[in-house]
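Labels run A, B and C following the written order; every chain starts at residue 1.
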């Protein structure tokens, strides 16, 4: 009995996924060739670091929800594995040579990067969308991302080595716009499953730490060879500063002075996002630390004050708080890029980037992300895409076989409650 | 009171392990010298990637069982730490120079590889064997592996860069043959502890993801320098295709369209296994994707239809389903190698490998693995090797000190059940 | 109502952390410049490996306590992120050039190393100190460490490539001395929360394995280029030997022959610590295996026999057993360094290190660590630093927001107990 809330996607999902995979293989057969470059020694370790961030970092970061770990780490894997193929094509079409797309290690790094946009948006809608919806979002978002990336780097000639704008801000605002369009009044009051457990918070720290550790690689992987060391050093110290500031503010905003795992899992990473645009341009490490410290402050304040307001006033429900980890710090990164290029132009350093073009890049990125995300959200609203009912949100068991024990546990809990009530009436 | 089911292996295990370690140190003292090569920059990152796969990848992949995580990750570590020393000697004896074995970074990669065979076989017998049995299996399997590897690469001159045949198929069929000989009728009906919990499935995903991420390194680590990039690219896209196909088929084979963690944890990796033999030979990325997609299909169908039949009809109980992750995809990889060398020979590409020799390599590998595994299983059947009773299978507490809380928890559950019965009779 | 046991550190912690971060940024602004070296290809992968060890390795290793995982992995991150900035300055002040500290990838590896001392000491006092106390300890310990490191390497001209003495023994004895001064009679009887659960032990294995896997990098990262391969090979085989020996002895010291997770999590790593000083000097792999095997024996015996005595007789409570993982194997490493330099001096190999200076380095390291740790402990005893009461030790909820579910669970357990008592009196 198919209905608007039919979440059995046996044929919808499998046929869509198989068709997409076949289409990609055909397109690869027509367009894609190898290019063996001589940068193996340098790029291969960078590629593997980024690969860890995409699959382990993003995947486990989202496992903080108590009943949504399978989806977080599993659908993250699906999006990334599908997206890296799609991203290879979408980015490749902008750089064809004699009608062919040439893949090499750097293009694999870029393909991994392209999936990060969809994974960030996944964080905004986590728990509220079906795997079919996420496949569609991935196709649309990576396509639009590749266009915007081309606009930013080729038309505007803007610099964004660590992709503060083109990945982080883009992914966040795309996801937030989609989340707005997909808004469910039924989730206005906090869903009982939208919370963590002790161990789910520890699983999430696996994701946080691998993102944190390899972020210097992320921000330097596509830098010019001579600037790579600087990009790594700047990211290293920016992250360190944002981490100390995050702990400080996490304690400060809590009445009992207690740390919050949400903040430690997320705001500690804001320094990596914010230093991305100008990681290879800064000329003093302390500037990177300032950017990191400000990013930490903005991110903590965003989680503490802004996210609740976005949800209650603007109907933007952001499950993972991607606005605070990727959105605001990404914008900060874009602004830092404007300021740094302005200073360096003024000093006559002969940088090829202008503050005006940096500003255009930031503006176009946010604008395209918002419009693209809203349109995507409208498409995902189609009623046959397997979306869960409000009641079943944030629960793996809609889309996954879940171990029996958990079901028994649920029964037990019910018994227990009944039993307690029984006692209470004795 | 020693008996056939005495699982206290205090002296048996410790004396065996210490004797083996002393023997290995003596053999190293006689035979092993350093060789400092000039490939440090290239090989060291590859070595560390493989090292992560062996210890974290294989170790956590097997933690899916609810009460067998200590053994999975712990005995995995023991087998690998012991096996890499033994593998250094066994592989080294085939490549001696002036009576000496020279170790360098590549030989450490190969030593790590050799342990993978025993770790794969461990997956087939997981939960049913004692640590003493696993030490003996490791010695025998790595010894036989080194002989077969020599036969395949030196006598047959076959190519198997990612070791689809010599490691994956070998390890799987060796383990399955051992499992057949060790068959226990008492486990015919599914053991109540042979299942996962929500968090044990998440721990297993740590293993899956690190294997998935570093598989491109696995398949390229011992490739010729110029072919390494190609091997990495092929493995990357093969894995991506097998992952998308795995999700599609996982949904398709379930009546409610739900994904299965068993499949996501395992079949997603089949593309890495299957593309191994010809990762450096393929000349188009789409061919790698085809191999990956077929591997995903075979692996899912194997888990869904074949594993239950093997257990019920052929008395082959395969705890982790290594036949579907390593066996069938390994054979597929071997066949792909035959086809690719046939095509390239026909095109006169002057490859040094012939399809006939590739077929001989595949056949000999499976044959030697089956015979070797069966003989090893017969030895492991000796009644004083500390094997657990049927009832105590899949339970860490036989061989490990387990936290008190768990025992209390078990007591609580019993109390609870009694209590429920008590209520029911009120 | 502030009191000696006021653990609300809202203002104390946040103001201290922010002031320190601002001070560090100012100092970086005055002193720190980039130096782009041409060793990027070699050093970057080594840096990232060490970075994983510091943040994931040490962080998760300490998550074994059932209610202290947030602090273990979170405060580990705080100490390391703060410490690497402080370490950059403290180590840099000893190597200034024209009044400037030049940072490059090697100095980031060294900064990471410097934090390891504080993380090891954290293990000794884990569960008994506040975040404010840990910040202060980190400042003091890294400052003293940098002085001792200068003394050992520049004044004594001693060799300690893998830092068995300057990091491992130093961090352990510093922490033990602090723990002695901070001794609490109220914890004489084992605290009920000072134990693991099944899953907390698995989380700890994440830490163990990443430390184990990347230890070859740790011991070779700052070696001379030509000695790096040798240092890696020696560490690889030393760890393997200590792992096999640890399993053997773990079974042997238990009456039922069962393995202990405490030993597998820790003593398996002792081989990496002990081979550190002479990893680049040994001339035969079997010598590294002998050192690893002895380290495994010492470490297991230390955990089994010595730690209980230290706690009961000497009032030194060592939560993680850092004495057995870092202290004793570190001393063993120092002694091995003396022996190896003595043999090589005798053989006229012209090594620049003398056994006398190695002995002086070992002695000064332990002495300075003990005095520095005791003084630090005395400072941490100041009654307004937010230390938890004896009853609240080993419990995250004093310093962290902990998920509701856990609190409910605690309430349930209480209800349950009352209920059981109720039944018993029926």
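Assume contacts are C-beta pairs under 8 Å (C-beta built on N, C-alpha and C of every residue); 3 or more make two chains touch, one makes a residue touch a chain.
Fair warning: this is a prediction, and the values are worked out from it, not measured in the lab.
Asks: More than half overlap in residue numbers between the two sides of the chain A-chain C interface, or less? Answer same or different.
Replies: Different-residue interface.
Asks: Please compute the angle of the rotation superposing chain B on chain C (C-alpha atoms), rounded to a multiple of 5 degrees.
Replies: 120
Asks: Compute the distance, rounded to whole Å, between the mean C-alpha positions of chain A and chain C.
Replies: Computed value for the inter-centroid distance: 33 Å.
Asks: Residues of chain B that touch two or more other chains: which are they?
Replies: Those would be 41, 45, 199, 206.
Asks: Please give the residue numbers of chain A that touch chain C in the complex, ascending.
Replies: Contacts found on chain A: 41-42, 45-46, 49, 66, 195-202, 205-206, 209-210, 212-214, 216-217, 225-226, 228-230, 232-233, 236-237, 239-241, 243-245, 247-249, 251-252, 254-261, 264, 268, 283-286, 289-290, 293, 416, 420, 423.
Asks: Would you mind writing out the residues of chain C in touch with chain A in their complex?
Replies: 8-15, 17-18, 20-21, 24-26, 28-29, 32-34, 36-37, 40-41, 44-45, 47-48, 51-52, 55-56, 59-60, 63, 67, 69-70, 73-74, 77-78, 81-82, 84-85, 103-105, 108, 131, 199, 203, 206, 399-406, 412, 415, 419
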